[in-house]
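For reference, the structures are reproduced in the following blocks.
Paired with chain B in one complex and with chain C in the other, chain A is shared by the two complexes that follow.
Presenting the complex of A and B:
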């Protein structure tokens, strides 16, 4: 029982980081109908940038986020303008999968060229410290990472719910055509939306790099989990993605201790299949004609 | 109509004949590139049955390729001796049928979803099969991989049996595609691609059609995987179920022309030699990946509809201009150009 609760704690903390990663992915889908397969590669890029800031300039990853996130926001806007805006609307969902996959390969190639393919992790002084609360361990890094993730998601939520920009985003998500008719600048919303998505990837990458070890090829592992999460949460649903991420993170950690560590990577996929059997549109998705 | 069929058959005979003659004209290293080219041409043709005809973009086809590869590797290291070296080719039909049968329940779950969700679900399949290959240690030897026994083919013609096996599978794939495209099944698949809800509403058995296309497609991919494993002589989970193979076949279909009979073959004939050239020039995998990503982006952005459909469109427009009295026949044969 003690092991079970401990697994739940660790899983929930990891799930928070997954939630941050997935929120950017689901946001990009909601706004543009773009499945960004490069999200995993962007996260790994963020991890490498924060690793470099830390090893070269001794900048703590949690401070470095404030440098990396804006930089990757710009990168995201550029990627959107260069590669995604040109896709025609009807084919965008399908072609975006392939175009962003190519972007992911490009990022992987550049990263393996600049760094090599050995596994690294950002080894901060507090990386192995934990708090002990009533016999349960709370690793400091994971708590910070969880707090940062939840903070950014909350910020994202406030932006979406309260600002003028957020309102145009929500309008675009609900109905792109009428949003445009009502004067929403769709091109601008898409560019900024994709930039925001890349910025969340940067922040998630910075904390990912402390908690896990990574190499340029790690993005496949990440993106497979993230895609599972957003399908489970219902494509385009921010709240759904967050809940699904927390659920998946916990489930995987529990599987790891209760069943088998070698088989726990399959948790995500087994749950996905089980849920698709009952609800093909995901937990919070809406069944739509022609999509879903 | 019969003139069109005759022209098609002539075209097919010329292309296949040229491919069959190719090993007689060049050295072994070129035949080896030929094996890879035909492998991708076959895979792309198989993928086209689902992705091109039914419009369902599957990103997990390499999972079935990997299952076929492991089937032949396990069978011939454990249960059978390799004999004269040709035996693995004789069991190909069995492997094809086996993989097709395995794919039916998987397809049944995956086809509950559509569009992007389907692509994601099939993509996760790739990681599931890779993880299984790593974890089912007693069967696959996990990350140690399996070393297949070497066939006793003469050195001067070592590549030939593999080449003709791949060519045979490609021809099979083309015949299947041709048959599907001209049959009732093909019509149902095109209807699904255009508007699935309407097709279902009109009483078409859409799920059955999708599953049949999926089984044909994965069976072909499995057989190609089996030949690939035997050709390579050793397989590992990360290479037998490689995301780059999955994306390679998809890319070739898009380059050549999705939903056309010869498009996937054309895409493979262009891309695989280019890929080998890049790998040869850049050796180290990083620059190769960057170059590959560049080519990939260029294809997707410049010609998302593919070479063949773009050319056919142009040709039709020109012939329509020269004979303005005849109505356009664009919709007549969408899948056999």
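Presenting the complex of A and C:
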């Protein structure tokens, strides 16, 4: 039982990190109907920037977030204006796959050139420390990462639910044409939305870099997990992404210790298929009109 | 299909097969006769799982190229390396060697990094009659191919790499030996056979297996697996690792405050720079790994190799990755054959290497008929922030430190 509870703790903490990573992805899809497969590469970029701030200027990754998140917000806006705004509405979902894949490869290429392909890890003084609470271990870095993830997701939720910009976003998500007719500047909302998505990638990258080793090619594995999470949670649903990430983290950890690491990835996909058979729109997704 | 049509297709297939065979023979035997530079094709991993060790191998190959060229080249011809990226993919490595041989018409090919990529690459080289001297594909999967063109440029097949550790532990008084062991291993043809072999040796000696598992390469978070290992309280952990997973296992052990009395990692921990960088220098003490090369070795050409390496890349001798020495040894072997036979013809190389002993920085090497080396590896241990050979006593520079001190000491 101790092993099971400890696995749940570790899984939940890791799931929190994945929740932050997936939040930007689901946001971009919700606002713009863009499947941003560059999100993994943006996270890895965030990890490298955070690593550089830490190794060159001794800036703690959790402090460095306040530097790299605004920088990547600007990068996100620029990427949206340069590559995604030009996509025609009817073809946006399909073409965004190709365009963002090209962005991902571009980011990987630049990172490989600048940083080489060596695995890196942001080794802070507390990277390997743990708190012992009633015999259960809480790795400090994962607790901090989890707290930061929850904090940023909560902030994102407040922005979407309580601000004028958030209302514009939700209006654009629900019905872009009507939103435009009511005076919402959809192009501006999309650019800011993509910027926000990149900013969450920066924060996620900072924590990813402390928890795991990474190199420029790490985005391939990341994006496959993140896409699975947002499909399970329901495309465009922030709450769904958070829940799915926590579920994935916990399921993976529990299956690793209780059954076998070999079966762990498969088990998750089996559960994903089972849930999608019952709810094709994912846990919190909205079924398309006219669909069964 | 009509009978006439069937005959036509059959005829075409026969012609295609003959043409391929003729082309293969021609491509293998015609090389080496030219007057320009000698072109050598190599596939290495610049990205993906093997990018770290791939980089070390690249340094070794490039170093050998500059050393041999500064001494007048090979048979009076300059050496030109064509190194292409395989992204750590067994499919890409096949395409790469196919292209290097049939499109780029290289004179020779050298091996990539890791057993996973070497086995399919060696098949391609064999198909075209190329000698395949390779630095790091030493897992059983390579020798099980039974290819006559393969020569593994290390002292021992990697499946035996844990033997010095087993011998050392079983040489200890019974009261000091581990009583229980856990074996978490990466699903990889290099890593898991090492752990499997060590497990059967330890089991035969009475060391009880309390846990064993194989994790897939895409496992990013190894903390739950290490937690499972820790929950079984083994005295010893023998992990079949590659690189990133070795770092992740140690980090997880530190976080979970689990420090086994004996810890052996097959690979990853043998990297003198990357390993302490990832897990923290203070957390390395007492960790064992297997080694095929070390700076103080008196192997042929080792001093020249170290001097040239430090001149070209800087740093200190203890920071040289054995992967660079392995790649350098590949070049030394070809150089020795050229010197002995006056030829770099692939048939000659294959025939020549099947007899005799060949001096390299990895020691004096000789092989069985399928390229498996006949020597033995060393046991290395992290002591005082350095990787030191500790067993067998004939080459040890320090007594093994056992049991492993706690983390951060």
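Here is the rule we use: the second predicted complex is superposed on the first by the 282 of 292 C-alpha atoms of A that agree within 3 Å, B and C clash if a C-alpha of one lies under 4 Å from a C-alpha of the other, contacts with A are read in each partner's own complex, and residues count from 1 in each chain.
In this text, a contact is a pair of C-beta atoms (placed from the backbone, for glycine too) under 8 Å apart; a residue touches a chain by one contact, two chains touch by 3 or more.
Just so it is clear, the model here is predicted, and its values are computed rather than measured.
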Practice prompt. Determine, under the contact definition given at the top, whether A:14 touches first (chain B), second (chain C), both, or neither.
Written response: second
Practice prompt. Have a look at where A:273 lands relative to chain B and chain C in the superposition and call it first, second, both or neither.
Written response: first
Worksheet item: Thinking of the overlay built on chain A, is A:253 touched by chain B (first), by chain C (second), by both, or by neither?
Response: second
Discussion item. After the superposition on A, what does A:129 contact: first (chain B), second (chain C), both or neither?
Written reply: second
Worksheet item: Does chain B (first) or chain C (second) touch A:102, or do both, or does neither?
Response: first
Worksheet item: So, A:265: does it touch chain B (first), chain C (second), both, or neither?
Response: both
Item to complete: Go through the superposed model and pick first if A:44 touches only chain B, second if only chain C, both, or neither.
Response: neither
Discussion item. Taking the superposition on A as described, I'd like to know which of chain B and chain C A:153 touches: first, second, both or neither.
Written reply: neither
Item to complete: Applying the touch criterion given at the start, work out whether A:201 contacts chain B, chain C, both or neither, answering first, second, both or neither.
Response: neither
Worksheet item: Common interface residues of chain A with chain B and chain C?
Response: 108, 112, 221, 262, 265
Discussion item. Going by the contact rule set out above, which residues of chain C touch chain A in the complex?
Written reply: 46-48, 51-52, 54-55, 87, 187, 213-216, 218-221, 223-225, 227-228, 231, 243-244, 247-248, 251, 254-257, 274, 277-278, 280, 283, 407
Discussion item. Going by the contact rule set out above, which residues of chain A touch chain B in the complex?
Written reply: 29, 33, 35, 83, 86-88, 91, 93-95, 97-99, 101-103, 105-106, 108-110, 112-113, 220-221, 224, 227-228, 231, 235, 262-263, 265-266, 268-269, 272-273, 276-277, 280, 282, 289-292
Worksheet, complete the sentence: The chain B residues in contact with chain A across the complex are 57, 59, 109, 112-117, 119-121, 123-128, 131, 135, 195-197, 243, 247, 250-251, 254, 285-290, 292-294, 296-297, 300-301, 304
Worksheet, complete the sentence: Per the touch rule above, chain A residues touching chain C in the complex are 2-3, 6-7, 10-11, 14, 108, 112, 116-119, 121, 123, 127-130, 132, 137, 139, 141, 211-213, 215-217, 221, 252-254, 256-257, 260-262, 264-265
